[in-house]
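Letters A, B, C, D, E and F mark the chains as written, and numbering starts fresh at 1 in each.
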């Protein structure tokens, strides 16, 4: 009865890629833990890059500075 | 001081239904656990059907196949 | 296909109270949103009082000061 | 390797305020727990006021009644 | 910079199985979304069966009734 | 009415450090967003190192390999 939440930055993830992630995570839990796929939920959240911070900076700013160095 | 997060697929949930869920969850925690309603937060997340997976498929695809069988 | 996460402080919640919360939240979503109970997950997290903050203080300290006033 | 999720109501939080929250939370974890900022994620979720409940009411209704008293 | 949270019932998941889940989810996000594994966090939560509800019942009770039918 | 969830690995975080995190996050939200501290919840989750993955490995294994290189 697993529940999986996948958070990624919103940067053009396609419906096909989401379907691939849902299928891949579910298969993994079926294979490793013998879970029932019909009782396995996968919820994908896309987070705006300005709402995701790393290194103390919003992601876009973090990347810009990293590339500048 | 409870915090409750309710995730449902985004399929036309109305403001009245949300208010009913907020009231119902709060009343339940007041009644069962004697919590203070003013210190009870309920956050509702509506998730796009393409972002919710079950049975290894996005919800809409999962339902389509189930109806086809 | 709802997923509900209920976070409360760990202060002697009994198995019966948890069962009541699970039943109550599920009934609510069935009644208000016509959800399928078999596809409704409710996960309860009990959080140690020292791990829950409000008013800038851990809960037990927050309560102690409130009572002192 | 901390992960921090900040949920606030969507009420005009600016990009600068978000950057300040990301910086402040990261600095705090570096200072108090000696965490590596490059391995510290901060994710901000803005929640519509109609999706956030307190006192058994959606936030806007809760505030309206409080002001009326 | 993905963050993945996997919630499963606490029923004897081994350290090897957890490592397999962490590796599998990370590989999936690298393969499908070209994510950097060093910036991919996977957090596994094991939830007591009495704290997980489905069908309006704690999991163990839900299973017991299902087997009885 | 913010809700903040802080997840860190369980590695000897003290009660004082938790209190400092709760105070620091709350002060930050009061200062930047003018939030009411009495309506600001901070929940700290300590996650076992074997339950936290990065780079496709449980944290302890990830660190061991990094140090070995």
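Keep this in mind: a contact is a pair of C-beta atoms (placed from the backbone, for glycine too) under 8 Å apart; a residue touches a chain by one contact, two chains touch by 3 or more.
Keep in mind that what you see is a predicted model, and the values were worked out from it rather than measured.
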{"item": "Partner chains that subunit C and subunit E have in common", "value": "A, F"}
{"item": "Each chain counted as touching subunit C and subunit F at once", "value": "B, E"}
{"item": "Reference subunit C; chain at largest CA-centroid distance", "value": "A"}
{"item": "Subunit C against subunit B, contact positions shared by both copies (same if over half, else different)", "value": "same"}
{"item": "Inter-chain centre distance, subunit B versus subunit E - centres from mean C-alpha coordinates, in Å", "value": "20"}
{"item": "Whole-Å separation of chain centres (CA-atom averages), subunit A against subunit E", "value": "14"}
{"item": "Subunit A and subunit C, separation of their C-alpha mean positions in angstrom", "value": "26"}
{"item": "Per-residue overlap in subunit D, given as positions that touch at least 2 other chains", "value": "1, 3, 7, 21, 25, 41, 43, 52, 54"}
{"item": "Chain contact graph, described as a line, ring, star, complete graph or other shape", "value": "other"}
{"item": "Listing of all chain pairs that touch each other, if any do", "value": "A-B, A-C, A-D, A-E, B-C, B-D, B-F, C-E, C-F, D-E, D-F, E-F"}
{"item": "Complex contacts: residues of subunit A adjacent to subunit B", "value": "15, 18-19, 21-23, 25-27, 30, 37-38, 40-46"}
{"item": "Of subunit C, residues touching subunit F in the complex", "value": "7, 47, 50-58, 61"}
{"item": "Sites on subunit C touched by subunit B in the complex", "value": "1-9, 13, 17, 20-21, 24-25, 28-29, 32-33, 35, 39, 52, 54, 59"}
{"item": "Sites on subunit D touched by subunit E in the complex", "value": "1, 3, 41, 43"}
